[in-house]
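Next come two complexes, and both contain chain A; in the first it sits with chain B, in the second with chain C.
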Partner chain A sequence: MSIQNINVALIGNPNTGKTSVFNQLTGLNQQVGNYPGITVEKKMGFCKLPNNIKANILDLPGTYSLNASSIDENMVIELLLNKNDKLYPDVALVVTDVENLKRNLLLYTQIKDLEIPTILVINMADRMESKGISLDIPYLEEHLKTKIALISSRKGHGIEELKNLIVDYKNIPNEPCLNASIIDPEYFKSLQHAFPNQLLYKLWLVITQDVNFLNLDRNEVRSTFTKSHSELKRLQQKETIKRYQFINDVLKEGLKVDHTVATDFRAKLDRILTHKVWGYVVFFAILFIIFQAIFQWATIPMDFIDSTFASLSALAAERLPSGILTDLISQGIIPGIGGILIFIPQIAFLFLFISILEESGYMSRVVFLMDKIMRKFGLSGKSVVPLISGTACAIPAIMATRNIENWKERLITILVTPFTTCSARLPVYAIIISLVIPDERLFGFLNMQGLTLMLLYLLGFGTAILSAYILNKILKIKNKTYFVVEMPSYKTPLFKNVAINVVEKTKAFVFGAGKIILAISVVLWFLASYGPGKNFNEAEAIVIERHKDKPLDDFEFEEAVASQKIENSYIGLMGKTIEPIISPLGYDWKIGIAIISSFAAREVFVGTLATIYSVGGTDNEATIKSKMQEEINPQTGEKIFNFASGISLLLFYAFALQCASTLAITKKETNSWKWPMIQLVLMSGFAYITALLAYQLLK
Partner chain B sequence: MVQEIIAFIILLVAVAFLIRKYFWKSKKKGNCGENDCGCH
Partner chain C sequence: MKNSIHSLKKGEKATIKEFDIDLVPLKLLEMGCLPGNMVELLQIAPFGGPLYLNINGSHVAIRIETARVIEVEIIK
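Take a look at the complex of A and B:
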């Protein structure tokens, strides 16, 4: 008997436990990708059902209604209307929260009106008793014209029953909940007359939404049947009121709540967590604990990965036959892969904490709490999540802006997020701070180096907020602005959901940004290993000639040849070319090379300096540090890494957009090169000016 | 010689990957509303 494939779409409001249902149905049989042409994340998985049916489960982005206001919501509508889409659902599962059934049913009635077989999934059934909720399922099934699955995705209850309903999807009634023509009978009559073969509600969505579908000329429908913007808004409001009237009538009989049973623990906790003083105290305390934990816990696996790849490089150089490929493997590819994998612990820990905060329901309170402050600076409360995520990496952080409905707020968040101190800045900060800031204690307990690091983090966040304020004043984008955030119930985070989220995000980093970093590492290695002219090709002869009066020992000779080669390599010549531009900042050509190469990824800075200062391919910080400490500027006779140039370099890395991947993701998210170019010019310009001022004032 | 060939193939793959990633524009899907996409 052959396997029958069916498409199942999971649809629902945010925070209804849709992802938990997805995880219950698919287990680990999941894959994450993007919808073609847009960057909205697509989560697919499959589930084996009885009767030899294989269900392809598609987890659609959370949406409150089919009146789209964000890219995510637009995408949901387009899929549900396009029968030729290979992902078009044979059956839709509308997931609702038993505690918010009334609001969640709005979307359900809209999906039903598209005449897609729809199963109503009422989730979080395990909370019904404690909340005093009782449901008359047969009554609800009859009046909502569907089959209902009462489940608890957290506890796994009702999942088998849900699977059986999916198998039986052909027996679900296709009747709509609402006759669309009651919105405006005359208008809909003429519409139906013009397009007799089309579903009225679909036509209504063509007119009111900016979505692509139907084999109709959308402009034709719109030009003939469109109304003024205010009239359309009025009709949309009328539609919503009609739907809620229908929902109220059904729930009056189908849902009973005994308020004497329900506890108000949630309300009490909300009063503290969203309090104008205590809310912030709790939030910053949690942040403090998270960052302490991230850096404390991540150090051990990071050191392990670092030393493992250093050993692998040495092993490859020693065991493989000598030649260009071996050099590429030991100096380019292995350190390149190591440079990707070393950041896994920090990213995994950060997303572990973020997932726990999201799963517990606390993140929504943070968003609500921060909205007031953020709004003053032209940002949304939802900007908090990208700004926090930016401390790990700007790439997932910029992707996290997708749930900000307002385009101006989203754009500003995308543009300022790279100011927050990402984990790639850490190696740069760590080595420069250790070189130029004394390891002393202030007031006997505040470590100066640690304090400098903390100030750099605060500087990044403060600059992001201030830049947002300025951009808000400059950008002339008009957008209606409103803020809707769900306040879900508090829940104990589910290990499975947290684990899946952490694995997914880490995989996205390794296989997304990782491929780019690796490719750039290979290109950089070639640029550093080859050069034009005899200064590069005859490096040995030049070194011998230069030291003929006082011959060098083997180690010194190799070191001198390596320096001669890198100075005259392609990347060395680039560094020399930009030297006049960077020397007012207190940098020499070697730092210039490190700055160029670290445009691929900031963390490349340390590795490049390690190569330039002739310490081979090993990324041993002590060795690099001592070499850097001894480095003298031949023009001034002073140490290259002194207090003035060190602070200048720290400020440069704090503000400059030294990350090709960030540019790429900004291009992707804004669908234009204009914004990443503006971001690059403004951030680099600002970095240059502050670094210049710092050096000139402090030298 | 073999090492050089393989190394340069790796370089070409890396460069091609970066060009495709940053400069190659994928063919844009036609607007569903403008053609017969069979959405009805």
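Take a look at the complex of A and C:
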């Protein structure tokens, strides 16, 4: 028998453990990408089933219903309406949480109306006992017209049975379980009459939703059957009531809850975590632990990676036959790769903490607690999530603004999120802090370097919030203040989910940023290794000439030649050209080059300096840090990285928008070049001014 | 005086009555905020922040502006 491929779509409300089901079915066999043209995350996985069937499992974005309110939800509808899509499911799995079955079934009844064979997956079965819940599965299967898989994705129970149900997908009923069109029989009758070959529910979705639908001219449907916004909403309300009536009737028989058994863990925890004092204390304590810990723990593997790559460069230079190619490898490619890999520990830690906060259900409590405060600044409580995930990377953070209902609050969140300290700033901060801030303890327990880092994070948040306040005053956008946030029950984060999330996100970051960093390192190496004219090409002769009174020994001679060369290489000349602009900030031309290349992506900074210093120096074994420490300003004899220039650099990197990807995502999410350009000019201008002031006051 | 969700005290339960659906997002209706259903106020965020509710078994937080337009009858 040949192998048969089928498409399975996972659909469900947020917080139903849909992703855990996905992970259980596919293991590590997954691919994360984007749907063409839009930035909605597309998660595909593969699963081998009995009878030689291979399932392509698609994890669709979480949605509360088929009435879409974000582009993620639109995506779900567009896929389910389009039978010609190559991802169109042969069978749909609607994942529900046994504790929220009533609400979760709303989406289920809608999916059923699309006449797709649908399996009802009731998840979190392990919590039934403690909640006093019992289910009459045969009764539910009969009335919901489906097959039910009662599983616990957390414990891995019921997964095999679910797989068997998928294999048997041809026997899954696909007829609707209720007739919602009785809310306005006349209207729906004439609608069906006009389009006899179309599913009634599909037509209804086309009328009410802003989605593209192949094979059907939306204008044609809408022109004849249009209703006012208010009338449509009234009908949608009637439809929702109808669906709930049906669900209530079914659950009255099919689901019993013994309230005397139920232990309310949620209420007890909420009493503390959403408390008007303790709630905030806990939140800030968590933030403090995250930041203090990241700086302390991550430095250990980072130092290790740093020194490993330094010795690898030295080894390559020593063992390989000398020549241009070896130079490129030892001075361009190896430091370049090291410059990427050094971020892994910190990025992984940040994603780890963020996914634990989200998985546990705690993030919604933060949204609840922070909403009023954030609104004073023109933001929403939901802006807290982007602002916190912005500490990992602004790109997913800006995408996370999609669930903010209010456009003005959402726009302001998008505009200010890049101020939060993303992980690409971390290596820059880390190396500069370790150079200019003493590694001492304040009051015996506060590590000064850790404290400085924390202050930089607070500065990022503070600037974000302050600029939100200003934008809120300036921007004239009228909007309704809609805000609905689900408060999920608390769950212990699943190791597997967190681990997969951390690995996926880190991988995406390293490969995405890695390509840019590596390319820039190689280009930089070329620009630093070649130069025009006599000053570069006759460097040896010039050095001999300059020192003819007092000849140098071999080592000094090599160093002098190298620095003569780098200063007159293409990159040196570029750096010298911009030096007048940046010297008031306390930077030399080498830092200037690093700043220019940082506009592609900030994390290039350290790698750029590494490349420039390895080309310029003769000693391959020293770490980047020690090379930076030894840099002396030839005019003043002072260290280049001193307290004043260090603080100035920290401020510059804290404020400047040096990230091409952020500009691209802002353009996509706001649908215009206006907002990213405003972001770029204002942030970078502000960065220049504060860095200038800091250096001039501190030097 | 008419009661709304906003006038509930912490721990109080009520039945939702008719309200102007144009002032309430569809998403909230879908969460179960429909006439006849039960609502319980679980927690209030400080400084006039959102209200944490149990509506028909769904746990959601909404802002005061929305809570004000949803009329209820308090269950003693």
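Just so we're on the same page, the second predicted complex is superposed on the first by the 558 of 699 C-alpha atoms of A that agree within 3 Å, B and C clash if a C-alpha of one lies under 4 Å from a C-alpha of the other, contacts with A are read in each partner's own complex, and residues count from 1 in each chain.
Basically, a contact is a pair of C-beta atoms (placed from the backbone, for glycine too) under 8 Å apart; a residue touches a chain by one contact, two chains touch by 3 or more.
Note that this is a predicted model, so its numbers are computed, not measured.
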First (chain B), second (chain C), both or neither: which does A:Tyr244 touch? second
Could you look at A:Lys83 and tell me whether it touches chain B, chain C, both or neither (first, second, both, neither)? first
Just chain B (first), just chain C (second), both, or neither: which does A:Gln198 touch? first
May I ask you to decide whether A:Ala664 touches chain B, chain C, both, or neither, giving the answer as first, second, both or neither? first
Tell me the contact category for A:Ile324 with respect to chain B and chain C: first, second, both or neither. first
Touching A:Asn100 in the superposition: chain B (first), chain C (second), both, neither? second
Chain B versus chain C as contact partner of A:Asn535, first or second or both or neither: neither
Using the superposition on A, tell me which residues of chain A are in contact with chain B and, in the other complex, with chain C. none
Which residues of chain C touch chain A in their complex? 21-22, 25-32, 34-35, 42-43, 45-50, 52, 56-63, 65-66
Would you mind writing out the residues of chain A in touch with chain C in their complex? 64-65, 67, 69, 100, 102-103, 106, 230, 233-234, 236-237, 240-241, 244, 266-267, 270, 274, 276, 364, 367-369, 371-373, 381, 405, 481-489
Using the touch rule from the top, collect the residues of chain A that touch chain B in their complex. 36-37, 78, 81-85, 197-198, 206, 212-219, 321, 323-326, 328, 333, 515-516, 518-520, 522-523, 526, 660, 664
In the complex, go through chain B and note every residue touching chain A. 2-4, 6-7, 10-11, 13-15, 17-18, 21-22, 28-29, 31-40
